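One structure, as structure tokens, below. Some questions next.
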Amino acid sequence: MNLTPIVNKTNSQVSVFWKSLRRNPMGLVGLAMLIAILAVAVFAPLIAPVHTAEITSKDIYNAPNSTHWLGTDDAGNDVLANFILGSRVSLIVGFFAAFISIVIGGLIGIIAGFYGGRVENTLMRITDIMLVIPDLPLMVVIIALTKPSLFNIIFVIGIFGWTTTARVVRSQTLAVKSRKFVLRARAIGAGNMHIIRHHILPLVLPILVVQAVLTVSSAILNESTLSFLGLGDPTAPSWGQMLNFAFSRGAMSTGAWWALVVPGFGIVWVVLGLTLFGQGLEQVLNPRLDTHHLMPGRPVVQSETAQLPSSEKILLDVRNLSINYINDDKAPARAVENVSFTLKEGELIGLVGESGCGKTTLMLALLRLLPAAGQIVNGKVFFNGKDLTALNEDEINAVRWKEISIVFQGAMNALNPVRTVGDQIAEAIIKHMPGFPHDLRLQERVVELLELVGIAADHKDHYPHQYSGGMRQRAMIAMALACNPQVIIADEPTTALDVMIQAQILELLDSLRKKLGLAIIFVTHDLGVVAEMCDHVLVMYGGVTAEYADVDTIYNEARHPYTQELLKAFPDLTKPKKKLSSIPGYPPRLDALPAGCRFAPRCPRVYARCHTEQPILYKLSDNHIASCHLLEASK
Amino acid sequence: MSKDHFLEIRGLKKYFDADRPSLRFASREMRHVHAVDGVDLSLQHSEVIALVGESGCGKSTLALLLMGLEESTAGTISFEGRDITHLKEHERKGLRRKIQMVFQDPYESLNPTQNIEEIINEPLLVHGIGKNKQDRDQRVKKALEDSGLKPADVYLQRFPHELSGGQRQRVVIAAALVLEPEILLADEPVSMLDVSIRAEIINLLAELRITRKIAVIFITHDLGSVGFFADRVAVMYLGRIVEIGTMLEVLEKPQHPYTKALLSVIPVPNPRLRRERIILQGETPNPIDVPTGCRFHPRCPVAMWTCKASDPPFTTLSKTHQAACLLLVK
Amino acid sequence: MTPPLQHGTFPLQRWRMLLKRFGWALFTILFVVVLNFFLFRVLPGDPARQGIRDPRLTPETIQAIRVRFGLDKPIINCFESLNPVKVGSCGVNPLDTQFFIYVKNLLKGDLGQSFYYNRPVKDILGERLWNTILLIGAGQILAILIGVVFGLFAAWKARTAIDYAALISGLVAWSLPTFWLAIILLFWGTNHGLPIGGKATPGMSSYPFMQQMGDLLQHLFLPTLAYTIIYMGEYMLIMRSSLLDVLAEDYILAAKAKGLSAFQILKDHALKNSMLPLVTLIAINLGFTVGGAVQIETVFSWPGLGGAIFEAVGRKDYPLLQGGFLLIAISVILANFIADLTYSYLDPRVQAD
């Protein structure tokens, strides 16, 4: 195996790791605490104060003073000196016992997770038994029946401390094993050992490291507990033993708090240091989103005032809406810029763009559902003449679902797994129709809604996991219809569904629109899907409007190069032999937008100006706008 | 066996146990998921065959059977005249060089801790290919560039998370190409990608069959995407092939009602061309309780009463075109 | 391949699962019984030899005791003794071995005679079991309640001062050695007029009931406080992180889009879901929490099972130690079984197996 790239790799990974650890105060504090106590333990014989004076009965339980900085204990010994020397015992037991636990737990976890079947069953049953058996009483029994020596203590703590590690490692191994790259490695012809070494271990290792840190801390706690219970090695006094002596030999009654506080402080210091470091490591190695949907949103900012909507027939009027994602470290990402469109009653508008072009952000902003980092930085959303961007939380809550509802992309994730589907539909009705009777009528209404979307009544009390993918999407639609809204936002409702189910859902939405007079905003990345049912199409690219026109114009007289290229990339069934044309390159990242036109790097008709200047929106006809410098002349 | 047919599948079946053995004390017979239920298919040198069907039709299981990643229940697979149905792993190793696979999800099929060079070098190491490091480096670079990642040096030291979906899928393809396979199984290679990216991956696969003479089995649920480069199209339903023919035969003169329905619902980016769509109701039945007779009859818009009773045989419509429907039996 | 849908088989699956879990609990108990027997015979501190090592005993008395405790019989079938391993004649009636006598006695509820108290172990432990259940019960309930509420607030107000304060205090509480916290609390309590230990003030039994209860609460206060602080931290941390995960889920966004208020979302959509990992943790933790009880009972001289074990170690009272361990283990296994069932009740996705 050639070593160079691996060294490079670890270097880069280590440096990335360091960078994120540096920004993790918890991990850093923990690390500093550990380094401090390790230094104390290593240099213990050098720094521990030495008192050669003979000990007399007057030296017992002396309060802290200038000779004995932390006082003396029941035998007249210096507490500070014992504390420093005791750190060695605690740390040695902690590290060696944890080593035993990690080796056993890691092996069991990986073997069980990787090989599965009987092996896994047996190993995990053993682990379960070990978990259920109370470990401290068992350790007490075993050490009481053997000789309390340092070796025995390490061994006993180590042999009982692996269960958590085994469980964690097993579930991580299972998760890694089920990932496609392991299947791909098998397809390449790699054997089990190769797969474990190159694909399982590297991904299990981070978790094993975190687990090791936490195991050390619990081993140290266990050691101190056993010592406190009088089961420590008498030749190697640890902090636990100091506490044992102090507690059982009158420190309480003499009020010698120093003899009790100091050793305990040592244990807390090490364990807290390890815990903080472990948590910090965990956060660095396994970063999670630190935002959630209940965090307060950012206030709406308006930089210009727009006039009130003119036409009466317009239901939803989005004007110059701009949305940024605020990032503490970097400049804000301009996710949506200056997008306008209108929606009339009963109209179906298609919002088309590649993933990451800001479509979902735009839709969430309409109902002010942006994640915590998202902020409306300009623009208005008029709904029936009312500006949604100016409403407070209670006012917008009254609009949500009652007037405008959403069919989310992944119905599996948008349905609460522990509540029945019927219950979740009823919830919306209860919320928005306070007069609605909470009895049989409500249940009838739920059944009626389910039947409207083609789900039989007996599925009402089933949970989402008992539904198939297509049924979940239907249930999501039924839920969206629950309060008779005027507008439905369908956010990629058919992505990830099979073609036939996709066709069923599209047909359902179209028929509901006609039957109930709904206005629908249909978000999709697939131009083909919307062609057959939309009235208008808004094509977005990199957060801006590329082109906006009625459906016929978009498909037959597109003026923006992006729309044109996108249409060419489509397989045309009427000309099956035709080679597909593709758009080279990839959509821009919102945090690294090009300076000029956002499509310039991929555009086949790009010229110098495109790289420096962002095109404005050109109005080509009453119903057709596009943003491309090429259109300036044709205006 | 004709010499041309270098991959031959005969009567291939794969049943999974539907009940866990531990739950059988309520005693009834073990039920099976009929994932692949009798498939015949042959593939010629540098031929592209598209395997089309909805999820649950068994197309992905078929791919895993061909790769030897699942053990078949019955039937045979032979490659270059040699029966490869039940090979031991060590016997299969040489074969793996010749049959490679590209998976659906490019985000999941690359190990995030390996860089691109390691990923593409790995198959070489596993098979002990290449005289020395230099030789292997050259092979790695060639595979990358053949997959459209040029210049290769730019990508070697990068990690998968630094690449876009389309680039990742190219890396997966490169890792398969580096073994110089004769057959490439592509399991929904574009379904996770944006439309604008799909075309270039399909174009890449089409190029490979010309430049490298690779036969491709292209598995997809989207009949629309197979047009331009498939030689033949096989439509699967519930573990069986229901229609097979050349691309033009299937796309332009579909005979099986299921194929017709699938074709009719493909979105066409042209609003002036609003066609009559045949939307099948319900969903694919679960492959445990396979319907009697023609397995498509419960959803078939033109089903007759006889369809319930008899399983339709293949009707030969032309030298290359066959379909299994009672309406075609004269 | 996605698993096929199965409607209407839910109750049957529930029963099967119940049976299976119960069988499993029984098996674990059996394992503990066996372990408990052999542990005391394999490890060097053989209770038989320890208990009758008193030099004042004559050889005849020793033999009499051996016969009385059945120690003259082989351990099990072929083995005279396991430490040191001594193989005897294998023709022994298997039912006439120490192991089967032990099992037979267990089934009769006979845990042997305490060396120290010279009373049946069963009686001693019987009194003490309830004290431990009282302590652990009160402590667990408080720890869970406080942990859940604080964890909920911390996650809801993520990345605010409330969250950081909760996080830090949770981590600190998690790092405290149980016995040390107990000592510190005892130290503080004795200086503030709280009882120094035990379960009741001597002579209390002649007082009226209400006063007795008040006295009990006073004695229970500090041990429960120690227990609560120790386990609250972990529950809070788990609740916080699991709620953070839940609140980032799409179905929370969907609930928000439905116009539900933050309170309604927390109550109806987040709480139950985020409690699931907590229930698992509580089940897993039961074995550990008993360890905490041993320490707290020791420090506060609380007359519970944990304290009994500690005392038995000091007094080399092996029958009591053996019985105590067995009782604790069985209680934990049963409690774990109940927690398992609770989980399957809370999460509809849990199927048989």
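Think of it as A, B and C in the order they're written, each chain with its own count starting at 1.
Here is the rule we go by: a residue touches a chain if its C-beta (ideal position, glycine included) is under 8 Å from a C-beta of that chain, and two chains touch if they have at least 3 such contacts.
Nothing here was measured: the structure is a model prediction, and the numbers come from that model.
Peer 1: Centre-to-centre on C-alpha atoms, which chain is most distant from chain B?
Peer 2: If we average the C-alpha coordinates per chain, C ends up farthest from chain B.
Peer 1: By C-alpha centroids, what is the most central chain here?
Peer 2: A
Peer 1: With chain centres taken as the means of their Cα atoms, state the distance from chain A to chain B in Å.
Peer 2: 33
Peer 1: Calculate how many whole Å lie between the centre of chain B and the centre of chain C, each centre taken as the average of the chain's C-alpha atoms.
Peer 2: The computed centroid separation for chain B versus chain C comes out at 54 Å.
Peer 1: What are the residue numbers in chain B that touch two or more other chains?
Peer 2: Residues of chain B never touch two or more of the other chains.
Peer 1: Could you pull out the residues of chain C that touch at least 2 other chains?
Peer 2: Where chain C meets two or more other chains at a single residue, that happens at 5.
Peer 1: Would you give the residues of chain A that are in contact with at least 2 other chains, written as numbers and ranges?
Peer 2: 468 - these are the residues of chain A that touch more than one other chain.
Peer 1: For chain A, which residues are in contact with chain C within the complex?
Peer 2: 128-129, 131-138, 140-142, 144-147, 217, 221, 224-225, 228-231, 240, 243, 247, 252, 257, 260-261, 264, 267-268, 271-272, 275-276, 279, 288-295, 364, 367, 369, 396-402, 405-406, 408, 410, 413-419, 427-428, 431-432, 458, 462-463, 465-468
Peer 1: Within the complex, which stretch of chain B touches chain A?
Peer 2: Residues 54-55, 67, 69, 89, 92-93, 96-97, 100-101, 103-105, 108-115, 117-118, 122-123, 125-127, 133, 156-157, 164, 166-167, 172, 175, 179, 194-200, 202-203, 206, 221-225, 227-228, 247-248, 251-252, 261-263, 265-274, 277, 279-281, 283 of chain B touch chain A in their complex.
Peer 1: Taking the complex as given, what residues does chain C use to touch chain A?
Peer 2: Touching chain A from chain C are residues 5, 7, 24, 28, 31-32, 35, 39-40, 43-45, 155-156, 158-159, 171-172, 174-180, 183-184, 186-187, 190, 244-245, 247-262, 264-266, 268-269, 272-273, 276, 284, 286-288, 290-291, 294-295, 298-299, 306, 309-310, 313-314, 321-322, 324-325, 328-329, 332-333, 336, 346-349.
Peer 1: For the complex, which residues does chain A have touching chain B?
Peer 2: Those residues of chain A that touch chain B are 1-2, 5-6, 8-9, 13, 179-181, 183-191, 194, 198-199, 202-203, 354-355, 468, 470-471, 498-504, 507, 525-529, 531-532, 534, 551-552, 555-556, 565-567, 569-574, 576-584, 586-587.
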